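Okay, so subunit A shows up in both of these, paired with subunit B first and subunit C after.
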Partner chain A sequence: MNIAVVVRQVPDLIESLDIDSTASALDWESISFIVNECDDHALEQALLLKEANGGTVSVVAFDFGDVENTLYTAAAKGAERLVKIPCETHRHPSPWTAASWYAQVIRDLAADLVLVGVQAHDEFDGVLAPALATALSMPYLGVIRGVQAGSRPTTVAACKEFPRAVRARMEIELPAVLGILGADRPPRYVPVSRIRNAMNTVHFEEPGLNVPLGESPVSVCRLYPPVSGTHAEMIAGSEAEAADRIADILVEKGLLS
Partner chain B sequence: MSSRDVLVVADVQRDVLDDTTLELLSVGRGLAAAAEGQLMCVVLSADGQPFAESLSAADRLLLVNDVQLTVYSPGPYVTALQEVIAAEQPGVILVGGTSIGWDIAPLLACRLQAPLLTGCLAVQRQGDGLSASVSFCAGKMMADVHIAKLPAFLMVMPGSSRATDEVGRARVEIRVPSAPLAAEQIRFQEWVLPEPGDVDITQQSILVAVGRGIQQEDNVELAEELARVLHGAVCASRPVVDQGWLPATRQVGKSGMTVKPKLYLALGISGAPEHVEGMKGAGLIIAVNTDPNAPIFDVAHYGAEIDALDLLPALVEAVSAKKV
Partner chain C sequence: MITTSTNTGEELLERLSRAESGESPWGCMQCGLCAASCPLGDAMQLRPRDLILQLLAGNVDRVLQSPSLWMCVGCYTCSLRCPRGIELTDGLWPALRDSSMQAGFQPPAELQETFQNLFKYGNTLGKSPRQRLAWAKDLNVPVRDLSKDPCRVDVLWLVGCYPSYYPRNQLVTRAWARILTKLGVSWGVLGAAEKSVGECERLFGEEGLFETLVEENRKLFDQHEFAQLLTLDPHAYRALQAFYPRYGAWYPVQHYTMFLAERMPQLQSLIVRPVEATVTYHDNCCVGRRCASYDAPRLLLQLIPGIKLVEMQRHHEDALCCGGGGGGMWLDGHIVAHGGHRLSDDRVLQADATGADVLAVSCPYELSRFEDAAKVAGLEQRLKVRDIIELLAESMELGEGSVA
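Here is the complex of A and B:
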């Protein structure tokens, strides 16, 4: 199986998110990036499938943020091909534009299975995974946790999540794009020494594209941190004091028995 | 048949109508009224008649009945819906942020080259288009956006509107797909139900919930100990279940359980919308998080900005002391 995985850089939400001087975009220069969590699961799922059934794993990413480290890490985990798409803007284009660029690269990789995170937390004017399926003229199924070999070599089996821990087992004819929420196993840990080794041995493929941002039919007027009508009453003090206060609240509410 | 009309896509799975559909009907009613258009609701299933009463708030209820729509597969769903949209030409199509919604709304938006918004909290007509407020970055950022040209697909955040309580008299129309539907490349095989035998967290009145902030598998035991002294149970956010530290039956949120305990103690949980969807109805919510800007503090009644791992032993002690 020839598997392509899209891995995106997204803002690290642990750090503060700043808005730029136009008030209508994030301040991308000041943002620290991490790998989109669902994409990391997509990579893990691809590696698990390859290990169980043979094949290759190619990772495709736009060139901004911490992408080199991300790609070296993917190589250290077992990905064979690493494709870095030049991107002047230091941010992800809108999902629809991004999809058409990823599609150009993935077509050349002749992938029969494309795994992408089902969402990225910085998207709001589109969803990459189904847009990529459309650009590649492949069928799409998303909200997937777990993919295994199918009953025939030209199929895979995937579980789509529904509420209340219910899953639908589906059989998918390849080629296809799947929107991954979680892998069969949590993303593997890889020692720093292996990543360093990858830095010395691995080379990136850099297709001669240069991606413009494209125009979205959605125009952003203003960004702002959420203003909530309600906020918790904050409990101050040390952990012993906070514990005491919480226990008192539980007594007041008749929740201790 | 006009762009003033609004189409709500009902979410039906395993013969159950998802609650979000009733919320979409109230959003849709506002949008339709503002443009003097009609509110339509479409049900894709083998037989939509049993849902007609719950969905009567619409002006027109379109039932696409077909055996190929008995269980979900994107091919038949998208084809059937595209046909309805082509016939009715609604200006706004409202879809829930559900497992099916996340497939079909973006797939159709791509096919029709129409804009799509996810995470919509509020939406109004503006000129020939609309303006909306959307939430992104896991609830940490908002955007006010404008769409100049309709139709547009909006995925509405669950819980952002009240469910409609309108009892209307929707005109029911049965629709037959013009060509046979077939699940060609993606076929449903079977439902995989959670293994019975675990604690049913939906029946507990006290829940101690752990998130990624719990950091290690061993620390789950600290939460178990607190749950024991409180006579409650431990539940979790998705990352904890992804790590395999607790079974899927303990997950709270969109793909997990919806719980309404008397007490929900959230430890190291950021409060992403997909999690909040499953616990916002709890009677008393107390959140413990080291990040003062964590969105969970906007839904909690009480909060403490401290390390959950330090608090846990202290809380076990404090609770045990108050019980005697």
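Here is the complex of A and C:
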């Protein structure tokens, strides 16, 4: 099974997010990046599938942020092919533009299965996973928590999660795109020595593309920083006094009568 | 991915023989002193001697996937008591942990997060490097950030992760800045450029991470002119003194207790008021048991008028570990889940038994560990935990509040 995984860089929320002088965009210069959590799960799921059933794992990413460390880490974990798409804008294009570029690369990889995080916290005008399925003309299943081999070599079985934690096991014909919420197990830790080794031995594939940002049908009028509401109440006094105050609060909020 | 280790037990022991300065683990005579001395030995399925025995028996995977492998808190008791001089703490445990991870076994999840924080942000707490100097906000002495204002200083102070970010430790950090300034020392810090020294990660077998930190720190230190490094962290002191030189990175370094002990007359002249308290001192494992520096902290405490120094039943070389070393700071959950307990809970009871008002410490990990333990034991009203720096700052009228 040829598995392609899309791995995105998203703003790292350990830093404060500043709004630029236009008031309609983030100040991208002040942002540091981190791998998108759902994409990290998608990579783990791909590696688990490969280890259980054979095949190859290819990782595709736009070239900005901390992408090289992300790709070296993927290689250290067991990914075979690492594709870095040149990107002058140093940030992720809109999902619709990104999908068309990812699709070009993934077609060349002849992937049977495409795994991508079901969401990223910097998406605001659509989500990549279904857009990518559309661009590849493949069927799509989203909000997936776990993937195993299917009953036939041309299928995989995916566990889809619905509200109230209802789960459905579905079998889908390949090729297909799956939007991953979580892998069968948490992303693995790989020792730094292996990442360092990958830095010295692994080569990236860099297709001759250069991605324009593209026009999005959606434009941002204005971004607003979060506004502090009422702050937490620090409850002082003895344990009994604190318990009384907590009980009063629960009554005030209508949770106790 | 779990892969069967390709190393045999004998190969692992051979690797250990070559890697460490102590006697070869081949010399282990199974006397059991290490197991009996280990403060968490009762909870370990495989104690130090068992690890060696299992390796000799060829049960490599049993060793590499044992939860016991992640229960050592780096107290050095087994290493110091081993009659054959086998370097267990610095040698056996890190090598086996490294082998475990290389074989595909996963370290405890809380430790993975710490490792990832260090690799990505250069600090154990997963905080923004840009906030490294948050502790200095509104401080009433100048803090020279050498990353922005490079100049020659006598002392390059490596502030450390907990002292930089953890609110309780920041009080100590601020007091130390005032003391250094009062002493007239020319000092600077690295600000946002500072990274963890990485000692706990070395002990936890993440050799690649430790090497990365050594390389980055070496490059950083070499950009600056200074006479010596200074740290509040005994673990950082140990790493810089003993392990950085192995990578060709040699720098004069002192733990702050050693630095102050060399300036006793000057320090004494700056003390202006007594601190009325009965104080017991907890010897940390790195500067104490491992480096045998026991006098400096006690001399500093005795310098303060009003302090009556009393010893716990276990002190000096026999002191009980706080349980935070070697990465134990992040592994309380793992240790308790596998039948162990927090050593800091025992230690505050030992401190309380002396009748002391104050448990004095000289390691950034110990403040939060002992304060938590005192709360668990219901002792927080009668046993205060204070860094020696705080007691000195109080007696020099440089503190931010009363100590008792």
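Keep this in mind: the second predicted complex is superposed on the first by the 226 of 257 C-alpha atoms of A that agree within 3 Å, B and C clash if a C-alpha of one lies under 4 Å from a C-alpha of the other, contacts with A are read in each partner's own complex, and residues count from 1 in each chain.
Here is the rule we use: contacts are C-beta pairs under 8 Å (C-beta built on N, C-alpha and C of every residue); 3 or more make two chains touch, one makes a residue touch a chain.
Bear in mind the structure is a predicted one, so any value in this text is a computation, not a measurement.
Of the two partner chains, subunit B and subunit C are each touched by A:I14.
Using the contact criterion defined above for the overlaid structures, shared-chain residue A:R194 touches subunit C, although it does not reach subunit B. Legend: residue contacts after superposition of the two complexes on their common chain; A:Q119 is shown touching subunit B, with no touch to subunit C. Applying the stated contact rule after C-alpha superposition, one finds that A:I34 touches subunit C and leaves subunit B untouched. In the superposition on chain A, A:L136 makes contact with neither subunit B nor subunit C.
When the two complexes are overlaid on their common chain A, residue A:L250 makes contact with subunit B while staying clear of subunit C. By the touch criterion stated above, A:P186 is placed in contact with subunit B and with subunit C alike. Overlap of the subunit B and subunit C interfaces on subunit A: residues 14, 186. Remark: subunit A residues 14-15, 34, 47, 51, 66, 69, 78, 186, 188-189, 191-196 touch subunit C in the complex. Listing the residues of subunit C that touch subunit A in their complex gives 1, 98, 101-102, 106-107, 109, 112, 115-116, 119-121, 126-128, 130, 206-209, 211-212. Across the complex, subunit B meets subunit A through its residues 13-14, 18, 71-75, 98-99, 102-103, 106-107, 109-111, 114-119, 131, 134-149, 184-194, 206, 230-231, 238, 242-244, 248-249, 251, 254-258, 262-263, 265, 270, 284-288, 291, 293, 295, 297-307, 310-311, 314-315, 317-319, 321-323. Residues of subunit A that touch subunit B in their complex: 11, 13-14, 16-17, 26, 41, 96, 118-119, 121-127, 129-131, 133-134, 139-143, 145, 157, 159-173, 176, 179, 181-182, 185-186, 216-228, 230-235, 238-240, 242-244, 246-251, 253, 255-257.
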